[in-house]
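For reference, chains read A, B and C in written order, and residue numbers begin at 1 within each chain.
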Amino acid sequence: MSMTRKSTATRFSRRSLIAAGGATTAALVTGCGMTAGGDKKSMTFLNDSDIKSSPFGKAVEAFQKKSGITVEVQPVPSDYDTKFRTVLSSSKPPDLIKINDDYVRGMSKTGALMDLTKYIKRDKLDTSHFPNNLYDFPVQSDGSHTAWVIAHSPRLFYYNVDAFKEAGVPLPPTTWTADGWTWQDFEETAKKLTIPGKRFGALVYLDTGFEQTFSINNGSPTGIFSKDGSTFTLSEPKAAEAIQWATNLTCVDHVQPAWGDLQTSDADLQLFTQGRLAMLFSQFSTLPYLAKNVKDFTFDVAPPPAGPADQLTESSVITYAIPAKAQNPDAAWELLKFLTSVEGGKIFVEGNMWLGMDDRTLDALHSPPAHVGLFAEAVKHSTLPNQTNNTLGARDIYRPLLDDVYSCHKQASDVLNQAKPRVDAALNQK
Amino acid sequence: MTAVRDPVRLPRIASTGSSPGRLRRIRLWRKYEGLLYIFPVFGGILAFQAIPIVVSMYLSLADWNGIQPPRFVGLGNFRQMFTDDPLYWQTLRNTVLFTLGAIPATTVLAFLLALLCNRNVPGIAIFRAAYFAPYITNIVAIGYIWYWIYKPDQGVLNGMLSVFGIHGPDWLSDPNLALISVIIVSVWQGAGYPMVIFLAGLQGIPTDLYEAASIDGASQSRKLFSITIPLMTPSIFFVLITQFITSFQVFGVIYIMTQGGPGHSTSVYIYYLYQVAFSFGQFGYAAAMAWVLFVILGLITLIQWRLQRGWVFYG
Amino acid sequence: MSTRTIATVGGLRRVGPSQRLLNVVLYVFMIVLGVLFVIPLLWMIGASLKEEGHVLSSPPTLFPLHPQWANYGQVLSLIPRFFYNSVKLAFINVVGVLAVSALAGFAFGRLRFPGRNVLFVILLATAMIPGVAYLIPQYIIFERIGWVDTQLPLWVPRVFTPVFATFLMRQYFVSLPQELEDAARVDGAGTFAVFWRILLPETKPALGAIAIFTFLDSWNDLLGPLIYINSRELQTLPVALAQFQNEYFSEITLLMAGATIAVLPVILVYLGAQRQFVRGITLTGINR
């Protein structure tokens, strides 16, 4: 807290001046110089899930063995945002923190995050094997690199092979092609797979990644937000049309579960594993759940259907940052480097948790599903929503309004255009 | 609890002709000894809440993102809240509606359950546990069960309605209905707490009052209205005051059932406050919201406190 | 005629057949209500034994055909330490809150001292400020005094600021008859003796209620341990259960198994404490 205090120098005795001087010097010394990078042998790590038994945990273990640095993990399996902001306001934040990708820009502006450029340059890091758009995600407008993408998770369509065979429908393509896999084809396929009361053909609109994916594929130049993040472009004709197309799967074709029926955790996954949903648009990170729990049929993956303009898919980035006030940033940096190295990344891939940043880790992709290699292909066809100063604020305005669209009460273009002025205002506030 | 008992024989204080000085000291001690008993509670408040509360008062007059130093903005937060934030008014309105819907229903239900459970029927302990069960069931489980009940297709409610040929509405996805649906869940879940308070209160009523009334030929309902309810007013008062304070701060059931949707029709005050603080990182604004809530609750409690003379009967 | 004698709140009573019919109807109603109230709990237990992929089945089922007891094995291997921590903290909280609130409730309810009403209002006022508003300042203070990553913030503040508990005790103490206190004072009892020997025993039902709620408050506290505790050995049960839900999917069966395990001590405490609400009615069951 900033409180100005008038110092009356005449009141200080000589002794207290010396004491004050000593204290200031001590503070200066500990603030820079030898201990600036901190104790290189240990670090604290705030994460949003308990990683002990997960592939992530294995990666951290491997790092500890290899580097000799002790990592004290502080798992926060719930209410991560609350703890995250609380520890960042303290004087001793952890050395490494998970950060929601929507917060990166806002937090960078406050100076809370350390610029990693100095480390990148110092170690002459080879980033040639990283997907550029994902790697550059945390780069700010002033060129500073304030967070680090350690992995990513692209989206594909998981589908029920047995259901296709039973319905006599040709299987989706096994390569990244638009042949026989346009939006039209997809709709037809979903209709043939739907058995009213027993099985739905497809689920597209629950995973929010569909907004960017389908709007871009339909011909929107920028997807949800403009390139500079200052305007809302989901309301533009091509983008709104894509939203409406996905909605019509429920409201017109009745091949998609109703919006109200999906509002509980794992509703979509349960439908799929019980064979009541034939095609599910979801991330790579859903794979462990499906691999473990789908027992009654075989499932596989397919690229998203090709829109008139393109056939891309959104990949979620998993971002971490070093707080500016971290005590052991050097050690934290070593861990970051390890996680994006081939060795670290392979552990993620083998555990079906995320795709490593280094494309050489993608060899470790393994079945099931049979065509898991499509996830590696997805890296070459990826799209990301453009960053803004207030993505959260914007979302909080337009997403609740879309509820009315998905429930078949209103049209997408009406709702989105109505929301646009407010969303634009939110994007440009302060 | 029995009414009159023989006074307990306790050792006498040596009553050797007390001097006026001594009497004065005893009177002085008697006057202030209460403060000693409340010392732990107030020590706690001073130690753990006073400073954070004062700091949050300052924060309400500032802009603070938690990282950079706070920037004083005077009444700016309040001005924005009242004139430039439609969502604020919506959450306030939703919260008031929620409170007005939930409190009477919960209180009446809890009172009925307590009356039912205060009888000596076989297995009464099981009933008491059963009616308390919703209060202790894991919130995720509650979310699933009510999701099933409210599902538009094939949900329990709409399934029953379809038997009568009625096409049931979208209980949780219709902005006009969602709040009511959530209130029902909250009443069902929350009745256990006041029920326990009422059960405790019912124990405090001397049985000989009922015996005397029986002898006089009073009916069950006469007993209820002339003995039970009047003597329960201190407990009812407690329940009303605490229910207002907690209902205005409802969070969990909203979070699990609707996350503030559809639209913002079930977004309530504390839910929005949390968002403002921890999603948007605007701690000054959140503090301002908290203080406005305090004023509202303070006024309501003050009014209730003044009114208690009119209806609360302390034996 | 077939009148029977039953025991009720007001003592033994003779009941005629129409009254008996009413009693039966009421009893059936209680059973129906009880079932409705208990179904989610039953579903929770049933879900803990299901196969993960079929937890949310349509139509919904209560109990699975093939219970997966392994779910419990998996959960039990993960939670002993957290269970112990939660029990320890809950116990400290209950004992502490009972002590502090009884003392303060007694003073507010039966003693006169200057500033009594003002102080009571201030006490109540602290409950009306949403805790989330001063969460961060409080955290920063606790950090300065080194209480972060200890269990102290999880009981010391709660034990020393039991607002509703004090309020309840006050209500109870106020409604006790003055004759009790007068008789004791005439016999020369000091204030503490009046409190400890005469009045406090009469408040057992309120103490029971407070024990239940303090236990629940502490047992279910998620945010407190989440914010203040970093080391695994000090962590509590609700945080441990949260690990079964991540941002991609939930392991519902394991979560429900954990929740079932977590609810057992609550039921025990509830059944134990609610014996304070039982009237000592003697059932002689005389039939004629």
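Just so it is clear, contacts are C-beta pairs under 8 Å (C-beta built on N, C-alpha and C of every residue); 3 or more make two chains touch, one makes a residue touch a chain.
All values reported here derive from a predicted model rather than from experimental measurement.
Novice: Between A-B and B-C, name the chain pair that shares the greater number of C-beta pairs in contact.
Specialist: It is B-C, judged by the count of C-beta pairs in contact.
Novice: Measuring between Cα centroids, what's the chain most distant from chain B?
Specialist: A
Novice: Can you give the whole-Å distance between the Cα centres of chain A and chain B?
Specialist: Each chain reduced to its C-alpha mean, chain A and chain B end up 39 Å apart.
Novice: Between chain B and chain C, what is the gap in Å from one C-alpha centre to the other?
Specialist: The separation of the two C-alpha centroids amounts to 14 Å.
Novice: For chain A, which residues are shared contacts with two or more other chains?
Specialist: In chain A, residues 82, 85-86, 89, 264-265 touch at least two other chains, as defined above.
Novice: Which chain C residues sit where two or more other chains touch them?
Specialist: Correct list: 56, 58, 135-136, 245, 250, 252.
Novice: Counting only residues that touch at least 2 other chains, which ones in chain B make the list?
Specialist: Expected reply: 55, 66, 140, 144, 274, 277.
Novice: Along chain A, where are the residues that touch chain B in the complex?
Specialist: Interface residues on chain A, with respect to chain B: 1-2, 81-82, 84-86, 88-89, 106-107, 110-112, 258-261, 263-265, 392-393, 396, 400-401, 403-404, 407.
Novice: Residues of chain B touching chain C in their complex?
Specialist: 1, 3-5, 7-13, 15, 30-35, 37-38, 40-45, 47-49, 51-53, 55-56, 59, 66, 113, 116, 118-121, 125-138, 140-142, 144-145, 148, 154, 188, 193, 196-197, 199-204, 207, 210-211, 213-214, 223, 231, 234-235, 237-238, 241-242, 245, 249, 270, 273-274, 277, 283, 286-287, 289-291, 293-294, 297-298, 301, 305, 314-315
Novice: Show me the residue ranges of chain C that touch chain A in the complex, using the header's touch definition.
Specialist: Touch list, chain C to chain A: 51-58, 135-136, 139-140, 143, 148, 222-223, 226-227, 230-232, 239, 242-243, 245-250, 252.
Novice: Under the touch definition given earlier, write down the residues of chain A that touch chain C in their complex.
Specialist: Listed in rising order, the residues are 44, 48-50, 72, 74-79, 82-83, 85-86, 89-92, 264-267, 269-270, 273-274, 276, 283, 285-286, 289, 292-295.
Novice: How about chain C: which of its residues touch chain B in the complex?
Specialist: 7-11, 13, 23, 26-27, 30, 33-35, 37-41, 43-44, 47, 56, 58-60, 99-101, 103-104, 106-108, 111-116, 119, 121-130, 132-138, 141, 156-157, 159-162, 164, 166-168, 171-172, 174-177, 179-180, 183-184, 186-191, 193, 195, 197-198, 202, 205-206, 208-209, 212-213, 216, 245, 250, 252, 255-256, 259, 262-263, 266-267, 270-271, 274, 276-277, 279, 281, 283
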